[in-house]
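Chains here go by letter, A, B, C, D and E, matching the order in which they are written, and residues are numbered from 1 within each.
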Amino acid sequence: MLALSYALPSIIVFVASAALILTGAVGVITLKNPVHAALSLIMTLFGVAVAFIAQQADFLAAVQIIVYAGAIVVLFLFVIMFLGVDRREGVEVQPLVGQKTLALFGVVVTISGVVFMMARSHWVTGIPSLSGSKLANGAHNVNQLGTSVFTTYLFAFEATAALLIIAVVGAVLLARRERSTGEAQ
Amino acid sequence: MNVPAAWYLVLAAVLFGIGAYGLLTRRSALIMFMCLELMLNAVNLTFVTFSRTLSDIGGQASVFFVMVVAAAEVTVGLGIVVAIFRRRSTTSVDELSEMKG
Amino acid sequence: MIKIPSAHYLAIAPVLIYFGASLALLITSALRRSRLSASAATSLSVLSSVAVIVVAVFEWLYVSRHGASETVAHAIVLDRFGVLATVAVALGTLLTSLVAKDWATRSKILGIENQILILATSAGAIMMAVANDLIVIFLGLEILSIGLYVLVAMDRHRARSAEAALKYFLLGGLAAAIFIYGVAILYGATGTTTISTMSLYFATNYLLHPGLAYLGGALVLIAFAFKVAAVPFHNWAPDVYEGAPTPITGYMAAIVKVGAFLGFIRVILSGLGTNLDTWRPILFALIVLSTVVGAVLGLAQKNVKRLLAYSSINQAGFMLLGLWAGTARGVASTLFFVCTYVPVIIATFAIVGLVSGASDEAHDIDSYRGLGRRQPWLGAALAVLLLSQLGAPFTLGFFAKFSVVASALDASGTTLGLVTMLSAAIAAVFYLRWTQLLFADDKVSQSRVEIPAATGTVIALGVATVLIFGVWPTPIMWLCQHASIAFLP
Amino acid sequence: MAHFALLILIAPLIGFLFNAVNGSQMKEKAIGGVATAAIVVSFISTVVCFFQLLGDSNREVTVNFFTWIHAGTLTVPAAVLVDPLSITMCLFVTGISALIHLYSISYMHGEKDFRKFFLYLNLFVFSMLVLVLANNLVMTFVGWEGVGVCSYWLVSFYFDRDAAASAGKKAFVYNRVGDVGLLVAMFLIFSHSGTLTYLTIFSSTGSFSPTVATLIVLSLLLGATGKSAQIPLFNWLPDAMEGPTPVSALIHAATMVTAGVFLLVRMSPVLALSPSGRTTIAVVGALTAFVAATVATSQRDIKKVLAFSTVSQIGFMVLAVGVGAYSAAIFLMIAHAFFKALLFLGSGSVIHSLHGEQDLRKMGALAKYLPLTFPTFLIGWLAISGIPPFAGFWAKGDVLTNVYAHNRLLWIFALATAVLTAYYMSRLFVLTFRGAERFREVTNGEDPHESSWMMTVPLVVLAVLAVLGGGIDLPWVHNHSLASFLEPTFGAVPAGASLSVATQWGLSIVDIAAAILGLMVAFSIWRDKHESSTFEKNFLEQVWHWDGFYDATIGRPLTASARVGYAVVEEKLIDGAVEGVGALAPRMASQFKLLQTGFVRQYALAMVLGIALIMIYLVARIGF
Amino acid sequence: MMHSSWWLSALLLVPLFGIALVLLVRRRPGASYVAGIGVATVEMVLSIIVAWMYNPNISRTGIDFATRHVISAPLGLAYDVSLDGISLLMMLLTSLTLLLALIGARDKRREPALISWLLVLTTASMGSFLAHDLLLFFLFFELTLVPSYFLISQWGGAERIRAAMKFFVYTFVGSVPLLIGILFLGFKNQHYVRGALDFSYTTLSSVSLTHTASVVLFCAFGFAFAVKAPIWPFHTWSPITYAEAPTAGSIEMSALLAKLGSYGLVRFAIGLFPLALNDMRPIVLTLAVIGILYGSAMACVAADLKRVIAYSSVAQMGFIILGAISGSKIAMIGAVLLMFNHGVITIGFFLLVGFIEKRRQVNTIKDLRGLQSSAPVMAALFTVVLLASIGLPGLSGFISEYLILLGTFATHAWWAVFGALGVVGAALYWLWVYQRVFHGQADSKNREIEDVNSKERWVLVPVVALILVLGVFPRPAIDKISPSITNLIVHVSQAGASK
């Protein structure tokens, strides 16, 4: 029995997070109204955060809530409202014949493949000792993560700065109202 | 004892699949973006799960970067949607099929 | 106390220069009341490109003296392979910034933002090529992609520009998700995201259950295949090529190929090279499909940008041959192909941009009818560039095709050699049709195409490269060969 | 010797070149004079050579000019072999040619392409001399083809007449078919003996097995049938009468058509190796002689009659070769050259006087208008009919005797042919010179008159030769005549010599009887009529429907298959395959194009399906 | 002492400098024509000097003027040129073709460009004939396609685009296996010697191959050359191409480029894969004989003069291939001679057809008739060329065809016999064509045409002279080519023996 092998709380947490995640995800892809979809997305994000906590990623869980649910989804909602598209998607027939069936087929095959391959490898084949220290809990997690980001991932961290700048510049350029060409000169 | 990593990995894979399926079937650009977020979240979950299994902080650090990327992508993506909406008053990608062949 | 890892600044100097230049332009344009002139911006980006090339020369010399090394906590690698990629990207950036300047003037759009984005994007491409960490590659890829999404959407006068951007964005997002999923799985499979460590892991461990590694590698490979527009992950290319502003199309065709291919080689051959036997059938299928579909679909195109898109899909198939071979010769030949593709394709799109006019709309192949009659030099230049892409002898393109096919044959890929060369024969039809149209005598009375100095220089450079190194490919081949030595595990 | 031998050859060539370079400004007479003089020089040189040869103990002199081809083991010298055979041939070739040249000056007077005619004639004589003087098969082949092409030019001399153009082409193509035989013979000889020089071939005949020898002989025979108009390739010759009459006289009676016989005779040492081959030759000769003679009885064109007569006479010569009577063949060849040239020139004179009319039905009673042509023609007629003491009697008698000694059946055939010969020649004679005047319509009522001296002198000379020609080889003086002169070449005693004297006399009487029979019949039939459906059978007039047969069995099927081949094999199958493969790509393109729908979600779907495929591959790779 | 290779380099460079010159003077009307002819003359003189200097006995292989410089070792690219008896005549033919095509087939439409392309083509074909390195050969071999394509597509007839494309794609596809084969051979050698990549003919001819590999490679090489030559059934690009190309282009393609196929077969396919010969010979011989007969049949029903020449070329190439593959020295000498002779003859044909086209704007046989009465000199010249083509002894065509058939008969009698039937075929279709075009009564259009003028006569003088001289004195040519052929035969037989 499951209960005998694993601690009950962890099972409950898993089931809860899985329920949140999957319900939210299915909501995103089925709900017609973009606002509802965005709210479903939040549900998934919460679920993921729960799963993070369950797996000793406390800091990431916090970031998940703050950044994702707090910023990204808000951005979505903002744009939805801004554009005024908070209605159902158009009800015209799908122009693409067989798209759903084929998509389902492709995705199911792919994901089955992914799962099968993972299972055949007993889910993980990396060697823990390769990368040093054990994973810490709680406050130490933040420390550890910080250390990692500023040592091993220093360059990547610096690069994110560039990424964000370019994204911001890009967004500004794209969303800017068209000016007359004379001004552009 | 915690539930095995496999559970979370499968969960992540399924989430990835749902995201991909949504991307393929939804017409609203905004919802497609959300589906992309679902997929990235699946990746994050995978990272965290492996991080736990390997007792390695690297996976969690990676999640950090993925989040940044997700944020950047959404910013630009929404910028594009706004730009298109100004011109065409739609967010349905199916109406953007002028170029083909 | 955190010990900040040491950085070898020579190794990251190119990236820094490009970001620096980009930031400098951004800040200047933001702070100044009057807008910075496009010429000034262009000068800065040309200067920075030149600087990058100079730095690259020093890097090359440094590597020659001290050997390859890793820096910034193994995130960046300083080797000739990366140096050569840096040079190729810098060259592409230099040429593009020249073309983009004239384009901005012609199309009356913002000149500075172009340069800012181009510079930053180039930094991303270089990052992909010099990275030793999958996360860095991912970031480089994203910088490159996001920069391009914006650049593609830049032309606000044309609806197609935005459509192209959205298509590119959605599919690029999917590819990015797949890539990072692959990275995550590789992380699970090997416990690291550092390429050299991964390589070491595969070299020292026999994987009883390689499924996870295969899965991760395959997903990463798919993402790269998307970036280089290999069939069946190519669908975005024709639409995006068509929709993007023409100079950006040229830039995209050149730089994305450099960044993506070099990253591709690093990950698949350097990191996962021990599993080459697993990747080969996939690559085989990609090559066959890309060359054939690219060539065949090119036949049906009336729009030259779409035509060039299919052409580049076809060329991508060729570039993959070196990867399929997986040998030093293969790497060298793919490098050669990718590097020589840069000036050719940018110059080609420069001409396409000129012909398309201020609105950037005249892309029908009929716009070229009689061009060579009216303007023999321009016509001849385009003819040379097209013949090079066709692979005509005594052009650079011939040696590019020759070397990749040779590397495939060296690795017993006779079938691939035959199929790809036959696809070249099919592709020849559309190149020739276009070339022939240049000198067709009907409808000769169209207006002349103005050739601004900067763009003219780019075209002349492209043609000169094609012809000079078409007879004497020795220096480039020497560089590529040296860049590939001691690169493979 | 060497100088004169060279002179024989190049004199006509010089004449040709001189006229070719200078001729455009020269007058007709000058052109004709130069051309004729060149041949005369050649004739004189031949005579000199002849006497030198008589005085020479070794009657085989090879004169080497230069090495023409030297490739690998093949060496072909440009050299001439002066021996009794070649010099005999040269003598009558140059002699008759000179006369015909002279004749042509007048006959061709006023023609637009007068100069061209003489160019061709000179070149023809040159080629003919190369043919007979060559010391190897390749050089012979040069002459062989040279006369062929000159014949082509001369036959289609009136090129704006379609019939002439077709006839020239037909002559050349038929000859070419024969040439394949000669080529194959050369290949066989070279691959077995390693040489193509006559004397070397003859000294190494041991290297030919009987089968090879027979193959060689049969190939040579094929070559000979082409050039000498024998069955099965004989039907080009009558068409060749489209050429000007002097051409018919020179080429299609006296010289070129005998080349086949010459070749066989020349190769006699090889012929000796293959009895079955020789029999084939004899049968072909006899059949040709007979068939052509029957055809000649029903022709209405004066030149056609003479043409078939030529075929028939050459059949006799081939028959002689087949029975091993080489000197008899040469004898008949010379005699035939005399009287046939005479007959042709005579008919030319008739035609000339009738403004080009050649139909026998529109002639008659010309004897009194053509006082010189008539007697000379008479001599020619008697000579060919085999009436003693004219040349034809002796020559044909020699052949018949030898045939009799060899094979009775062939002899009967030959004798029947002799009767027919006398018959059709007499018919010709009667219709032309006797009977009622039927030509007024043609001449607009005027009287026909004799031509200039340049045309009549050759007639007279030839008439004299036709009378006396028999003297060169009278049966009772074989050892002091042509046969003995030729002996170094053939070495064999003619079969006829083995017959008893009585038999030979008897045979002579039979010959005379045959000739007279033919004469009588002809006179009795044709004295008072000029058309007769009884005696001019359509079947015969149509040459046994030989042309139609070829047309139906070879010509039309080949043309049809070429057309079908073009429409089906070339355009549909071969090029169709190429074009089909070529069209595949565009067709694929239009299909593939549909996949590029412009819908981004479908692009994504394509990607996902691609990924799915790769997943399936990976799963298959690691296995369940 | 071997001669300096600078001579050969000069042969390759003169046309290129010529292009610069032509483009330099392009603005002045007619100047480019003069410049082009000047360059062609220099090239011709150079060729004659080189041919005169060439010493066939300089080495066992008959190779003179040789040099080799590696340009790029990783690519195996080297500048490696030399001259031997087989390439000697081809070199002369290249120069001659250029000169006569320029003078005789003048086309005033965009003359500088036309002349430049002709010059490019000259360098390309000259390079193919002089290259002693397979990669270099391939480069030049492929390069010929580009100028040809432009010549056809820019200056050709109504269907020029289709013709040009068909020509290009067909021959391009043909050369794909060649490239693969060359590479295969190069790597085979490299793996064996563990040295640098090297495509030198000398090196590669010593690579030991298995029997199967030999056969496969022979097929790969053979296919490329068969398409180029063209050998039946890979010939269908040629009729439309010859018909649609401008006269100068037709001349270059049929007189010269077709020879690349037969030359390649002799030099590379036979020289490199002697082991395959025993298996492949019957097949190639059969194709050659079919080509001879089939070409003749098609020439009979072809509708226009250029197509007749095209099919006639198919038949003639059949003869060349027959001789080349037969393994007999005599036949091979004949084949090499015929390559040159057929070139000269074809130049003559196309020039004359060009003259007719210039006067009548058509070359369809049914529109022409009775030309001999109005243009007797043209008819005479046509006759000479025609007779050479059908192999009249005393003219150049005969010697070569004769040697081919004679030599082939010794080794493969039946094929020679059937090949000899081609002699009849040639006479049949050429005389028929001649009859339809030159004989008969001319209608009004054909009656008016003017005869060849003095300039046109002078262009044909070299053609006729070569036809006559090589028909009567072929020895100098044969003596120059013989040692190389002997060497090739010895090489082939040794390889066969060591099996």
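Note that in this section a contact is a pair of C-beta atoms (placed from the backbone, for glycine too) under 8 Å apart; a residue touches a chain by one contact, two chains touch by 3 or more.
Bear in mind the structure is a predicted one, so any value in this text is a computation, not a measurement.
Of all chains in the assembly, those touching subunit A and also subunit B are C, D. Chain centres defined as mean CA positions place E nearest to the mean of all protein CA atoms. More inter-chain C-beta contacts link the pair C-D than the other of B-D and C-D. Ranking every chain by how far its Cα centroid lies from the centroid of subunit A, the top place goes to D. Subunit E has its Cα centroid 64 Å from the Cα centroid of subunit B. Centres computed as Cα averages put subunit A at a distance of 30 Å from subunit C.
One finds 69 Å separating the Cα centroids of subunit A and subunit E.
Once the centre of each chain is set as its mean CA position, subunit A and subunit D turn out to be 101 Å apart.
For subunit D, the set of residues touching two or more other chains reads 593, 596-602, 604-605, 608-609, 611, 615, 618, 622.
In subunit E, 169 are the positions where the chain touches two or more neighbouring chains simultaneously. Along subunit B, residues 9, 16, 19-20, 23-25, 27, 33, 49-50, 53-54, 56, 58, 61-62, 65, 69, 72-73, 76, 79-81, 83, 93-94, 96, 98-101 each make contact with two or more other chains. Inter-chain contacts, as defined above, occur between A-B, A-C, A-D, B-C, B-D, C-D, C-E, D-E. By the touch criterion stated above, subunit B contacts subunit A in their complex at residues 1-11, 13-22, 24-28, 30-31, 33-35, 37-38, 41, 44-45, 48-58, 60-65, 67-76, 78-83, 85-86, 91-92, 94.
Those residues of subunit E that touch subunit C in the shared complex are 71-72, 74-77, 113, 138-140, 142-143, 145-146, 149-150, 153-154, 161, 164-165, 168-169, 172-173, 176-177, 179-180, 183-184, 186-187, 197. Residue ranges on subunit C touching subunit E, taken from their complex, read 329, 332, 387, 392-394, 398-399, 402-403, 405-406, 409-410, 414, 417-418, 421-422, 424-426, 428-429, 432-433, 436, 439, 472-474, 477-478, 480-481. Residue ranges of subunit C in contact with subunit B, taken from their complex: 135, 138-139, 142, 146, 149-150, 153, 156, 159-160, 162-167, 169-170, 173-174, 176-177, 180-181, 183-185, 187-188, 191-193, 238-239, 242-243, 300-301, 306. Subunit A makes touch with subunit D in their complex at residues 95-96, 99, 102-103, 105-107, 109-110, 112-114, 116-117, 120.
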